[in-house]
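Okay, so chain A shows up in both of these, paired with chain B first and chain C after.
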Partner chain A sequence: MLVQVLFYAFSAVLIAAALGVVVTRNPVHSAMCLVLAFFTSAAIWLLIEAEFLAIVLVLVYVGAVMVLFLFVVMMLDINVEEVKRGFTRYAWLGWLIAFLVIAQIVGVVWFRGLGIDATQGAVPLPADYSNTRELGAVLYTQYVYPFELAAVLLLLAIVAAISLTMRRRPGLKAQDVARQVAVRREDRVRLVKMDAVTRDAPAPRQDGEGKAP
Partner chain B sequence: MNAPTLTLASVLPALPEIYLVAAICVVLMVDVFAGASARRVTPTLTLLVLAAGAGLTLAFAQVEGPVTLFSGMYIADPLGTFLKLCSTLFVAVALLYSRHYLENRGILKGEYYVLALTALLGIFVMVSAGSLLTMYMGIELLALSLYAMVAFDRDSGVAAESAMKYFVLGAIASGALLYGMSLVYGLTGTLLFSELAVALQGTPSLGIIMGVVFLVVGVAFKFGAVPFHMWVPDVYHGAPSAVTLFVATAPKIASFALAYRLFSGALGNITETWSQMLAIVAVLSLVLGNVVAVAQTNLKRMLAYSAIGNVGFILLGFVAGTEQGYEAALYYTIIYVIMTLGSFGVILLASRAGFEADELADYRGLHARDPSLALMMMVLMFSTAGIPPFVGFWAKLQIFQALWATDHLGLVIVAASVSVVGVFYYLRVVKLMYFDAPGDLPKGEARLGVRLTLGINALAALLLGLFPNSLLELCAKVLS
Partner chain C sequence: MAAGVMELWSGLPGYVRSTFWILVVMVAVILSVAFTTLWERKVIGWMQLRKGPNRVGSIFGLVPGIFQPFADVIKLLLKEVVVPSAANKTLFRIAPAITLVPALATWAVVPLDPELVIADIDAGLLYVLSLTSVGVYGVILAGWASNSKYAFLGAMRSAAQIVAYEIAMGFALVGVVMASGTLNLGDIVRAQGGGVSNWFALWLFPLFIVYVIAGVAETNRAPFDVAEGESEIVAGFHVEYSGISFALFFLAEYANMILISALTAVLFLGGWLSPFEGVLPEGSWLAQPSFFWLFLKLFFFLTCFMWYRATFPRYRYDQIMRLGWKVLIPVTLVWITVEGLMVYFKVGPWKG
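What follows is the complex of A and B.
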């Protein structure tokens, strides 16, 4: 009973937060709503005893991805209202498609049932059952091949991202710290000996300067 | 659950992949530490790595029959070994052809070679995939490498645009494929192809059919078949010619492997759900590819539409759905890749620094300027058009025979009539090269090694056509 109450409470917060992501005008508020949505999803995962996924969701998405999102949103300083102007013109199309998709999903899941018995819930696990240990055990034995491939995929992403973004542009004024440190006084200051100019002697006239127009 | 133990002997059939991952890391490191000499070291090292990989595969990783590894997620079989050796050869030849082109345009960097190797790894993974999960990992490895390669020339706006289109459309196709996979997984409870083949028998449920529709969409996109072909002309045209050569060749082997493992392996017992969809896709590709190719003035774009048309032929082999059909599809794929390697190799050789030989008009009077290049191009164009005694004829004949044996008379008529349309635009290139005035266009590059390889490539199109049996028997042997 308590679990069900908690589930509906968290679900309500989750739906409200998800709506907030789309509806709020300020992108920082949107990002914050997304953080809340991730957090409540993690709580729902805890309710179905998937504690490892819940913790990872908080650590990775809330802790890392969303912080990066916030950085980008705050640094870019995009005027979202400018971008979204005239966006509601297409709202009817969005509503229509959303309605169609929902109708189709309801039609397939509700009336056809897809041959799955959805009424039986998951069997509760014993108290000493560790999600993390079980995941680790299959990840490094049964799924070791796709796991290693995922690592190569990340390496590839790094190589691709660096090779596409890092390049030497001509005329870029970058700071070279080593050269700044190694600079000597003679490179920067030049002492010039000049003859003293006396006050009563007129400055030497240059050619053409004194002519009347 | 019994945890499988990994020993050296038990993972030996997976040597090609393990070796290639190690080799990628070595090439990456050598490229960093070689400094200024990396421009000379990395391309040569990459070719050596590929040769060593092919040697190791032949020496240690051969298997007699199908062997499964990593809890069934990896299949080692003669087909896998054959396709891996072919794709290694094709990637090596593609890299050999493209070196001077990259050098002339200032994009000869070590990362290009690393990306080519990761793309090859993706092809390997797809060729040997035993489950939907590993198949998807392979697809992503290949696709991510290709996106980055298309965008490799940072100063070209067209290349960036085509990379963006490729990336967005590819992401949508991956989504469709994943959606189909998740539906099939949700309804059968397994990702392994061998278990899926057992679970999917008799009349499939509505959910399974929905899943299969999305899987067909994903496969059609990876092949570049109509109506999921929109990326093909733009990517072929916009990418640097060396990258177009790469995208057009070895990944086709991976697409064949994807279709074969999925349709013949996992969905082999519910043929009727996908063969009609595939037939529609194939006919649309044949007609649109061959008809629109006639109207092109750009050679790369023309070859892109020709690729769409040829993909239609490959898919027709799957529509036949018999052993003979799969053999014909495999044979067609290999032959098509050999001929495409040659034609794009000619484009690369005809280009010079500051001169991109990609318009049809750039080939006017090529014979007067560069007789050997024109001769090679003529052989390749005749072969691609399917004129006997060149090998392209045999490839088309195999497909026709497989369709004839399964009573697909209508498909044979459509395929034969669009082939006639195809002959027109291939022969137009020959006419431009031999009968038009040359004008003041520059000569091709004089690279002797590349010319020699290209000569062997064109000779292969002729010799395989004169003696077609050896490759045909090989294809039949690896598929049996």
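What follows is the complex of A and C.
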């Protein structure tokens, strides 16, 4: 009962937030609505005991992806009216996707009405069941090659992104820390031996050594 | 009488007991923040041969200045909260709350005592990581919503810094997870049982150092406080905030400091475990695990935060980025490899 009340409450927030993403005019508000949508979907995942996925959703999407997204959106000075001008041109595509999504949801509900097992809810597991451990075990045994392949692909993406943005700029002043650390006293300071100068002293020596500055 | 109270207590439903502990921990954290500000001013004062605050109140002439934090809070509460006319009103008001809430919510999984932890969840460490990464939103939104150049510059610096150091921090935590084989913070503490030689700070020393440095950078404290560098951008992201809304940022910063200190103690220094375990006889009070030890370790790291602030000059922005990406991350990667070898060849605590 409590779970159902929570489910409907979170779903209401989720739908409102998702609507907010497309409806609000301010891009930063949209991004924040998306963050709220991620959070509430994480909460719904928690309700079906997928706590690993829920926490990782917050960690990856809210904690990293959306921060960078927000970063970019804040830097850009987007004129919303300009962007929305040709909006209705793509309306047919929007309607098509919306229709597909609705058809899928209706299909699931209809199948459940037929009493087929595949769409029944997850069976509650005992409290000491750790789906983090189970996921790890499966990922590193059964699916270890696809998993490593995905990791290499991501590494490739990192290297590609860096090599695209790296360029030699002439006249760039960067500090070379190794050289800074390797510096010796002799490179920077020269000690000059001087005679003490007194008020009634004879004129400084003629050879230049010890001449007052 | 005491037995009756205990019986009544254990008869209460679970959510009532958790709510009670949530209230206790919240009040304790907020009071600790108040006295941390006083302690910081005192410690830095002593380091600079000053006395620090010593006017407001005393307990029988013993601790001069003890009520200074309350005087500060009352002053801030009575000041006007100015909302700039060009600011984005909603986000400007929400931002301080977004900074504060994760700092308090993370305490739910921190084990305070062998028995006491509010939510004993399996993926505790992941929960900590995900909540601490949410705290950055408050800073970014505050900087953007203020509609001020200084605030925006501060927010940008802070966001880049937090994202960079989170990676090093996460890698340091990977080492802890490898060593303990669990994500539950209580079990991580238990994995370090059996005397000081089993504490992870010893076996994961480079990761421990990286975690401490990354922790200072994550909380935007000196020497990593370019986000509010007062000589360059006045006060950074909270330049437009006044009165109690500024106090909320202040509260969040200190709550985060306390949290990072507690996490360092839990993850690397055996949390509530006693350093005299196995040295002193079993029955001795000093050899027993208790909250006292966690508090002592936490207090040490908290004082270290003040020590750094009084000692180091502020980093330059490009130096911060270099330290994060080119020094700390490679160090963690190397040590994770070394740790993997130690586990494989069963060296040190991985004998059994």
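The rule is short, and it goes like this: the second predicted complex is superposed on the first by the 134 of 213 C-alpha atoms of A that agree within 3 Å, B and C clash if a C-alpha of one lies under 4 Å from a C-alpha of the other, contacts with A are read in each partner's own complex, and residues count from 1 in each chain.
Everything that follows uses one rule, which is that contacts are C-beta pairs under 8 Å (C-beta built on N, C-alpha and C of every residue); 3 or more make two chains touch, one makes a residue touch a chain.
The structure presented is a predicted model; accordingly, all values stated were derived computationally and were not measured.
Chemist: Which partner does A:Met32 contact after superposing on A: first (chain B), second (chain C), both, neither?
Modeler: Only chain C is touched by A:Met32; chain B is not.
Chemist: Look at A:Leu153 in the shared chain and tell me whether it touches chain B only, chain C only, both, or neither; answer first, second, both or neither.
Modeler: A:Leu153 contacts chain B only, not chain C.
Chemist: May I ask you to decide whether A:Gly63 touches chain B, chain C, both, or neither, giving the answer as first, second, both or neither?
Modeler: second
Chemist: On the A-aligned overlay, A:Ile55 touches which partner chain: chain B = first, chain C = second, or both, or neither?
Modeler: A:Ile55 sits against chain C, while chain B stays out of touch.
Chemist: Between chain B (first) and chain C (second), which, if any, makes contact with A:Val177: first, second, both or neither?
Modeler: In the superposition, A:Val177 touches chain C alone.
Chemist: Applying the document's definition of touch, where does A:Ser130 land relative to chain B and chain C: first, second, both, or neither?
Modeler: Only chain C is touched by A:Ser130; chain B is not.
Chemist: Between chain B and chain C, whom does A:Leu164 touch in the aligned arrangement: first, second, both, or neither?
Modeler: first
Chemist: Looking at chain A, which of its residues have contacts with both chain B and chain C?
Modeler: none
Chemist: State the interface residues of chain A toward chain C in the complex, per the touch definition above.
Modeler: Against chain C, the touching part of chain A is residues 26, 28-29, 32, 35, 51-52, 55-56, 58-59, 62-64, 67-68, 70-71, 74, 130, 132-133, 175, 177.
Chemist: Contact residues on chain B for chain A in the complex?
Modeler: Touch list, chain B to chain A: 1, 3-4, 6, 14, 21, 24, 28, 69-71, 73-74, 109, 111-112, 114-115, 118, 121, 125, 133-134, 137-138, 140-141, 144-145, 147-148, 151-152, 154, 186-187, 205-207, 210.
Chemist: Quick one: in the complex, what on chain C touches chain A?
Modeler: Listed in rising order, the residues are 88, 91, 121-123, 126-127, 129-131, 133-134, 136-137, 140-141, 144, 152, 156, 159, 163, 166, 183, 318, 322.
Chemist: Under the definition above, what is the set of chain A residues touching chain B in their complex?
Modeler: Chain A reaches chain B through residues 108, 112, 114-116, 137-138, 141-146, 148-150, 152-153, 155-157, 159-160, 162-164, 167.
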